[in-house]
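Below are structures written as structure tokens.
One chain, subunit A, links the two complexes that follow: it is found with subunit B in the first and with subunit C in the second.
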Partner chain A sequence: MKFSVSRSTLAGYLQSVLQVSPSKPALPILSNIMIEALEQKVKISATDLDISITATFECEVSKKGVVAAPARILYDIVRELPESEIKFELSGSKLEMKAPNGTYKIATVEVDDYPTLPAINLKKQIKLAGSELMNMISHTTFACSTDETRPALNGVLWQTKSDRMVMVATDGHRLSRYTVANTKLKGLHDDVIVPPQALNLLTKLMTDTSKEIGIIFGENDLAFNLGDITLTTRLIEGPYPNYDQVIPKQSTKTMRVNREELASAVRRVSILSSALTHQVRFSISGSKLKLSSANADIGGEATETLACDFQGDPIELGYKASYISDILNKVDSEETLFELDSPISAGVIYGADKNKEDYICLIMPLRLAE
Partner chain B sequence: MSRLTTEKATNWIRPLPERLVNKIAAGEVIERPASVLKELVENACDAGATQVDVIVEKSGVGKIEVHDNGSGIRASQLEIAFSRHATSKISDFSDLESISSYGFRGEALPSIASVSRLRMVTKSAEDEHASEIIIEGGVVREVRPSHRADGTSVVVEDLFFNTPARKKFLKAETTEARQLSRAAISQALGALGVGFSLRLNGRKVFSFSKDDTLRQRATRSLGVAENALLEIDVSEPGFRLWGVLGKPDVARAVRGGLTLYVNKRALRSSPLLSAFYLGYGELLPKGVFPIGAVHLDVDGSLVDVNVHPAKNEVRLSQDREAHTFIRHSVRDTLRQSGIIPEFGLRERNVFAPQYDKPSAAVPGVGVVSGNAGLSPSATDAIFGAVSPSIASNQSHVASPVSGNVATFDAKDAVAEGTPAELFAGGVIYLGQFADLYLLAQRGTDLYLVDQHAAHERILYEETMEQMERNAALSQRLLLPVNVELATDRFQVWEERKDDLATIGFDASHFGGQTVMINAIPAILAHRSPEKTFGAALDDIQRLQKSGYSPIKAVAQSIACRSAVMSGDRLDPEEGKVIIDRLFKCDTGYSCPHGRPTFVKISRAELDHRFGRT
Partner chain C sequence: MRQEQTEQSAETQVDWALWKRVIFHVDMDAFFASIEIRNNPELRGKPVIVGGPIDSRGVVAACSYETRPFGVHSGMPIRQALSRCPDAVVISGSLKQYGYVSSQLMNLLTKFTSQVEPFSVDEAFLDVTGSMRLHGSPVQLAKALKKTIADELELTCSIGISENKIMSKMASKLQKPDGLTVLDSKLYAERFGPKPVSVLWGIGEKSAEGIRKLGIETVNDLVSANPQALTSSLGRFGIRALALAKGIDDSEVLSLESLADEKSISHETTFPHDSLDKAYLKRALLSLSERVARRLRKGGFLARTVSIKVRSKSFKTITRDKTLATPSSDAKMIYSTARKLLPAEYGTDVAVRLLGVKAGNLIKQGCEVQLSLFDSNTEDSEKGARKRTELISAIDYVQDKYGESALKKASLVERPPE
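Take a look at the complex of A and B:
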């Protein structure tokens, strides 16, 4: 194997691919990346067995070949080298890197030991605007569960239904649902559950959201084609719970409140919330929203009162502060609407100037045990 | 002279009347209602039944009915069946060497009959009519023709009516019910190929068809998902181990979840069970036990089941071999299923960067202090690579401590803190040691506090207090979680659902042994509802045995599960809060399990050690 590539090109791609290379891998071989020198191009790939990233770039290849080498060490060397053309050559079992400064040699690994990346059993392929995908991902992944006893909730449900796409995430305490209309999806019906790690990685790799992204739906995998970089992820097995039935269809109370004011008040009041439950109480009546908290450990209490536009009978409920904060960070509009019913039923939160169908969050209250 | 003779007559040695013998034997075989169920079901299975139905009322004190479609008893043999040591299962001593039936001692029926009112209707294929026998306290009241299809029905009523002492020892009805369902499940998992149903106190506990596999039966009775069980089947000359074992994540905090059958006989306790625990090894933390139903088939001639009348124990002539065999089989099965990481892969690797070999002395930090004789610069040269971590460790532990250590000197004390804090019982937090012990000063004493035990005590008292005030917070679930509970857990839930609700578990019955969890305590909200709920039920079950009231048991369970762990590094603020709150506790000196929370070292003791006195 013999090729040469500019330091900056390689460093950039190594950095992208390294996102998936675990620092403390379960299998030591996974701390390596695979380098394939093909006809006038080089392909580098890394995997943690669930998610794989492959980068392909054009370069001068004088001898084809394939090799696996320790990823971090390779990257650390390349990053530190001054900008120049680096010549790679496999001599024996060592990978040799020649730069104007000098020569570096690192031991390589038997390629046969490297896990084969999943071959995608193609079911469907679509293209989607990068910005749409980005929006869906950034508004949902925060609500995923980490409870291993319900693996489906560890992922984001991605539904494609003829003319729209929906992403849903929930941990059983709160839920987020983001919908985009898309007329190009005609005929495609599919529900997949995607690990949020893969989606968050994708947003890091998506440098230009104005570009379209190719999405390949496989039997057990999903691949995102960003042109020079491909991210492949295993899908999580379903079934996903029927989330539709927990979204309240009607409410008896609605509150409209300034989002930024509420978010910062919650942040302040929560400082004195109980260290165990992090509860912030909402007392709403007339046009006033009173937030309060109490922490018995340090003997502290806090209250703040905000103006709001409230319709319905007065209500008192408690929420975990971080759940409310997470949601308020995502509902990006000036005013937020809360649709409430009782202190034990799910509250619906969405942006007042947005269509409720596009993005809603659900939150379950805390309450005194009976 | 004649007076003397009559006096002596009371001390003569005579054979006991048979009824008394039976009553004494009953004491060994029939301990409680569950033993009746076990003996009758075993008889039914030995009679070749393919369907056994058990109905129990009032937890067995009222009535136990066992119906089977086995071979029945011939009318001519009916009365003999109730005399002691009468059995059709073995006939000479050599049979005892290789017993394939459950029963053989011929004790069960007469024993049961001697302590209850028993009615049996039975028909053998050879007889034209069924016959019926009614026995009260061991006395045959009536034998008469009756009608019934082939098979036997036994109805046992008023158990222990004539042995009040035994009756008094019965536990609460719920406890007996738990024992009954445990006994029935253990039979059902053992007698594959026999349809089996149990109705207990008006509720259908289970119903297995004769074709249900061990996996199907185990899944339902243990209340786990089918994929939570691993198949095990390993053979070696002389042994075969087969059945289902739970994956480590469904292990339980109580032992009863794993049943071992040696030649189909369920063993309640056996040294062989420890082979399973060893097989799981470090996959299970201390105090957590695997679940499953596993059969060990051994050549009958190597097993002695005639150890105890209730036959809950067996003796294996090759018990050491069996122990090793089980341990290895369990380990191999877990390894093949990928639960134990394959170490071979690590070794086959791969690439090890060839750094210069570190000198052999480097590994332990302890070596550093052992080398005090070296000049500082020499030490640095050798341990250069290690010293940053030592330094950071030291700064973590030492800085808060050293800042206040001077206060031990009475002269400086005034400068370092107000006298009120130092001498009027105020507590000063000094720092954390080894991510486990908190150091504090109170008056002139030094306190070493176990952070986990202390936090547990604090949370325990708070949880208790919240429960007493009915003020526990509970996190509602958006997606209620349905859990199918194992029978023992289900019964604990039924008994204790009100207490559980008081602390924030809101669950409702969802049919069968399935419970729907609607809310969990807020302080446990970040955990899996299913696991948290199961663990709480286990804790209640376990702690109740040691005499805890259910509320205390639940409070303890919550406290233990939400306390900071040993090894958690605490911020100075967190450490201070724990110390402050600990000294406000009612019973601050021990954790809810009774371990001490702190060790006190007085100034005088330290002075003495430093030779200052």
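Take a look at the complex of A and C:
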């Protein structure tokens, strides 16, 4: 194997694929990346067994070949080298890097030991607007569960069957659902459950959201094609719970409140909330929303009163502060609407100037102590 | 007869109405030995020693009162005990059974007050301040308690009654066996004042020596010592020693009810042999998880975190913890979490000598619980959860009534010897 590539090109791609190279790998071999020199192009890939990233770039290849080498060390060397062409050559079992200022050699590992990466059939790809995908991901992944006892909830449900394309995430306590019009994927594939780590990585790799992104559904995996970079992720097995039936169809109370005012008040009041439950109590009546918290351990109490537009009988309920904050961060409108029913039923939150169908969040209260 | 005398002196000298709290220290008499004698009446009246083995390592775990005139006491090497009392019957005993009787005892005590702090396998502190109205005087309550223990367990105990834990603990040992002693601070000073400081609870020979170096011999000397001089030479222990001498103690009776402040419940076990058997370790984790879960439910708690403690053959100890998505008191949830926390190399490459399971960040059941979107809305899961709750409480009922070994997971049943 023999090729040469500019330092900056390689450094950029190494940085991209290193996103999946785990610092504490499940298998020692996973701390390596695979380098394949093909016809006038080089492919570098890394995987943590669930998510794989491959970068492909054009360069001068004088001899084809494939090796696996320690990812971090390779990146550390390339990053520190001054800008120039670097000549790579496999000599024996060592990978040699020649730069104008010197030569570096590192031991490679058996390529056969490296996990086989999922094959991607680019012919089957369907292109979606990058901005659309970005929006769906950034509004949902925060609500995923990290509880391994319910694996389906560890992922984002992506539904593409109907006229609306939907992404849903929930940890059983709060839920977020983002939908957009769906023309290109309609009816092509069943619902999939995607690990949020893969989606979050995708948004990091998506440097230009005006570009289109290719989607390739595999049997147990899903690939995103960004042109020079592809990200493949294993899918999570279902079934996903029937989230639709937990979305309240009607409400007896509604509250309209300034989003930024509420978000900052919740942040302040929650400082004195219980260290165990982080509960902030919402007492709503007339045109007033009173937030309060108490922490018996440090002997602290806080209250703040905000103006709101409230319809319905007075209500008191408790919410975990971070659940409310997370949602208020995502509902990007000046005013937020809360649709409520009882202190033990799910509340629906969405932007007051937005279409409720596009983006809603659900939050379950904390049962108040007597 | 002695008991009645005490009672009379107590009632003439002590004014209950002035007491802020009424604390009992219940101390079983020669607990292990008494259980063996109860089980085998032929042993009655004979010197009985529980402990062993009869070699250089064995020690006395408990001994009947018949051995006491020979100078036998618990903790003594068994060979020395036998040389002093050659006729003693030595029984190796069953720790399992003693543990069961102990749990029966603690259950009985909670019938008199919810504020019960099990202090060791055979002693407990009770805060009965709130039970006075129901039971009349403390002495009447103590007599009722002794009668219940005698009727239900066929065992005797000695009870110390006072205003705090230190004084009641000191009181219970004044009359043994089958005693009942009331002390207020005046009687406490009279009884212990002239005695050497080593008589005090928690002052061993070594600390007593440190105190004697200051020219302090008796409890009275200690009471009148200069507090600054005590703390400057003994440190924080000086404050404790002074409190012990004066019989001052504000500490609460820490019942399971008040355990919310402690914020954790744990069980651990040291294996007879370091284990490289993964299946065995998993069973041990399951058993520990079940015990932790049962105590959680008894106290009405839910755990928010589960931790494990693992000590290797080479005495390296690690702990790992995980926060549960939903607070739980279900052994199934605690076990499945604990099992995942056990690093893969333990039980395969690394031999394990100790395992512990801890439920932490406890919250009181029924207060400020994060509600779930799915459980509260889907009928099926609600039905499933209810069924599971019913099953767990049925198991609890059987175990409360017949002991923890009456009903257990099949994987925890030991194979009978072939």
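The working rule: the second predicted complex is superposed on the first by the 356 of 370 C-alpha atoms of A that agree within 3 Å, B and C clash if a C-alpha of one lies under 4 Å from a C-alpha of the other, contacts with A are read in each partner's own complex, and residues count from 1 in each chain.
We adopt the following convention: contacts are C-beta pairs under 8 Å (C-beta built on N, C-alpha and C of every residue); 3 or more make two chains touch, one makes a residue touch a chain.
Since this is a predicted model, take the numbers as computed values, not measurements.
S.K.: Sharing subunit A, do subunit B and subunit C clash or fit in the superposition?
M.R.: By the criteria stated at the top, subunit C and subunit B clash after superposition.
S.K.: Using the touch definition from the top, say if A:346 reaches subunit B (first), subunit C (second), both or neither.
M.R.: both
S.K.: Answer with first, second, both or neither: which of subunit B and subunit C does A:27 touch in the superposed model?
M.R.: A:27 contacts subunit B only, not subunit C.
S.K.: Tell me which partner A:298 touches in the superposition: subunit B (first), subunit C (second), both or neither.
M.R.: In the superposition, A:298 contacts subunit B only.
S.K.: Could you let me know whether more residues of subunit A are touched by subunit B or by subunit C?
M.R.: The partner with more contacted residues on subunit A is B.
S.K.: Of the two partner chains, subunit B (first) and subunit C (second), which one does A:364 touch, if any: first, second, both, or neither?
M.R.: A:364: touches subunit B and subunit C.
S.K.: Just subunit B (first), just subunit C (second), both, or neither: which does A:85 touch?
M.R.: In the superposed model, A:85 contacts neither subunit B nor subunit C.
S.K.: Looking at A:246 after the superposition, I want to know if it touches subunit B, subunit C, both of them or none. Which is it: first, second, both, neither?
M.R.: The answer is both, since A:246 touches subunit B and subunit C.
S.K.: Applying the touch criterion given at the start, work out whether A:326 contacts subunit B, subunit C, both or neither, answering first, second, both or neither.
M.R.: A:326 contacts neither subunit B nor subunit C.
S.K.: Just one of 256-264, 364-372, 382-390 or 418-426 in subunit B runs into subunit C once the structures are overlaid; which is it?
M.R.: Of the stretches 256-264, 364-372, 382-390 or 418-426 of subunit B, only 256-264 runs into subunit C after superposition.
S.K.: Using the superposition on chain A as set up above, list the residues of subunit A that contact both subunit B and subunit C.
M.R.: Subunit A residues touching both partners: 147-150, 170, 172-175, 241, 246, 274, 276-277, 279, 318, 320, 344-346, 362, 364-370.
S.K.: Considering only the defined contacts, which subunit C positions touch subunit A in the complex?
M.R.: Against subunit A, the touching part of subunit C is residues 304, 324-326, 333, 336, 340, 361, 363, 366-378.
S.K.: Inside the complex, what are the residues of subunit B that reach subunit A?
M.R.: 249, 341, 345-346, 348-351, 353-354, 459, 462, 470-479, 481, 501-506, 519, 521-523, 525, 527-531, 562, 577, 581
S.K.: Taking the touch rule as given, give the residues of subunit A at its contact with subunit B in the complex, in rising order.
M.R.: It is residues 26-29, 32, 69-70, 73, 106-110, 113, 147-150, 153, 170, 172-175, 241, 243, 246, 274-277, 279, 296-298, 318, 320, 344-346, 362, 364-370 of subunit A that touch subunit B.
S.K.: Sort out for me which residues of subunit A touch subunit C in the complex.
M.R.: 145-150, 170-175, 241-242, 245-246, 274, 276-277, 279, 318, 320, 344-346, 362, 364-370
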